[in-house]
Amino acid sequence: MSHSITQKKDGSVVTVLLDNPDKLNALNLASWDELARVMTALSEDDEIRCVVIRGVGERAFCAGADISELPVKRGDAAGARQYGAVTDAAMEAITECRHPTLAAIRGPCTGGGLEIACACDIRIAGASARFGVPINRLGHVLGHMEMKLVLAAAGPELLLEMLLEARIIDAEEALCRGLVGRVVPDGELDATVAAAAERIAEGAPLSNRTTKKFLRRLSSPAPLSEAELDEVNTVCDSDDYAEGLRAFLAKEKPDFKGK
Amino acid sequence: MSHSITQKKDGSVVTVLLDNPDKLNALNLASWDELARVMTALSEDDEIRCVVIRGVGERAFCAGADISELPVKRGDAAGARQYGAVTDAAMEAITECRHPTLAAIRGPCTGGGLEIACACDIRIAGASARFGVPINRLGHVLGHMEMKLVLAAAGPELLLEMLLEARIIDAEEALCRGLVGRVVPDGELDATVAAAAERIAEGAPLSNRTTKKFLRRLSSPAPLSEAELDEVNTVCDSDDYAEGLRAFLAKEKPDFKGK
Amino acid sequence: MSHSITQKKDGSVVTVLLDNPDKLNALNLASWDELARVMTALSEDDEIRCVVIRGVGERAFCAGADISELPVKRGDAAGARQYGAVTDAAMEAITECRHPTLAAIRGPCTGGGLEIACACDIRIAGASARFGVPINRLGHVLGHMEMKLVLAAAGPELLLEMLLEARIIDAEEALCRGLVGRVVPDGELDATVAAAAERIAEGAPLSNRTTKKFLRRLSSPAPLSEAELDEVNTVCDSDDYAEGLRAFLAKEKPDFKGK
């Protein structure tokens, strides 16, 4: 296994690196598989407060799938089923990650790279960021679940501009149209992302996990049960809530334990 | 009962005031309960054409729940069930109000205050407005239905920035990201809101109520029945529609009766 | 039949013209019916790669329904049922068009004209464009399905400002709030739209049709079947996908056949 996906840890914040800088961090099948495994393992680690995903180097977030291996690995429907099961698992592992996820984006963020960014909770871009999914130039399409991810971040019109026109948009347009929440000069990206991760890490981890769980639940059309609607109340029996109220009224900094 | 929620009437436009200026108009349990009652009563009054919600004074819209009483009133899950039933009733009374609702926002609009604003149909902010819901600093979360309200106005990424990062955003960012539709200098807020309320009051009240009813209906995933799909046609048997057509073609000002 | 809806063809791109310039291209019942027929026929033509919808002349996209005939043609609920069946068919024919659709907008784009624009996949506006649906001045409303169309493009708050306040917004505000994706000077509109249509025409037509099909499917709350989820894989058995991969890796321009 090459080191296609690497990690570094800084306190309770883990950075996952998409690591193939010679190809703008494009991911091959082995890397997608590794990404799924890494994200699943991080999700289960209760010590973590925030996961940042970024590309290695200063040139790119991720240019998507490594196309050079597609004729062999995804050359027909049978191949696509195997390949797609792996990329679906990677996207699901990011989407289902219990901890807040932050995409730090510079340079190309295209195709599968855009999907990774859209699977994250929060996107912060450097001014060099470029977004698109020119998949119709390959005669291919986004699957329903991939499209749903990008749709939630981009809205229907920008999604269709990227898919039908194969438009690549810059950071300024991505900000104006809501695909990313913040754009900063490239030189400030790392510090901005680190500060955001720090703010996330200071919040009650139980709150953050529950927030993510509720938001995912709202994306399903099934009616909410009484038990589900009561979950917000049971949070008030947690140690973190008692600590949060106590610290707020004492004007102290809370010390959350995540339970 | 303190005058925690007050009202003033100007023609067919009623202004509901969140009235606790010493605490940035934070609402205690009695105020939430009163807000639910006031909004329900206004909804039933056929003489009303528009309801404006604002804070008392020039400093704040509403800083949310009055936290000082939470250790007693919402200290555990059992308390939260009682407290939440009241705040849910207030949000539902705003959301279900048959008349158009307008939030006029200056200064802090946070926590439950943000929920009130998002429950309104239209939000107009002064440049001093600040938005957020830093609830993870308390170890708490938005319930599913509260989250759904803010999600509809803020979209998923800004919602998560406010919840996970505890970000407070200013009026300019709220405008850029679609959380509010218009921002004006604070000194022009009252006049801008009054003009908007006036325009609303000039429209056919039956149209406005039906518009709100249809939009609420679209938020449910249940398929529309034939009878529901026919409601748009039955509007053409109303006196207001006949008057609207007549006045338009005669180039006169219509005199709508609301039936 | 007057020439209320006309067409011109330029290669694989067809432009549909709303043709009633003396009345800002307002459509009467016969025109709505013709629009439905034209769009349905274009959808079935496999030689077409993109459909542009615009108004005749430089003054307007479309000011909606021709109100002068409404007292006779839509004067009561019975008339509205007949009239609405025709306009619904027109909107459905645009929405269901298998080929990418582009609205080229200058001047008034209001009422039914706004609905046409929102039924298109992509909206590009000249700086003179104006948007609104001041239907409550007529005592009328948007039906559920019409509202759903405008809601998807405008979001709930702008939709309600247009419906409840009868606001007419300019191109700049429409861009800022996401109702249109791009605004250019009027003098550049035709060239910008032609370039976008050209980019669309260069993509694999099977990809574009499948993208539109998947996006429509996502607007339904019904769970996706295994067969539906597998459709993305079957695309990899198409000639267009093989050609797309081949051309990409050979650094050549692909020659897509649409199968």
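Each chain gets a letter, A, B and C, in the order it is written, and its residues are counted from 1.
In the analysis below, a contact is a pair of C-beta atoms (placed from the backbone, for glycine too) under 8 Å apart; a residue touches a chain by one contact, two chains touch by 3 or more.
Please read all numbers here as calculations on a predicted model, not as lab measurements.
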Under the stated touch rule, with chain A ignored, which chains end up grouped together? one piece
Residue-number overlap at the chain B/chain C interface, same or different (half cut): different
Averaged over CA atoms, how far is the centre of chain B from the centre of chain C? Could you give it in whole Å? 32
Using the touch definition from the top, which residues of chain C touch two or more other chains? 176, 178, 221
Note: in the complex, chain A contacts chain C through residues 67-68, 70-71, 74-77, 79-81, 84, 135-148, 151, 155-161, 163-167, 176-178, 221
Quick check on the complex: what are the chain A residues that touch chain B? 100, 121-123, 152-153, 175-176, 178, 180-181, 196, 199-200, 202-204, 206-208, 210-212, 214-215, 217-218, 221, 224, 228-238, 240-246, 248-249, 254, 256
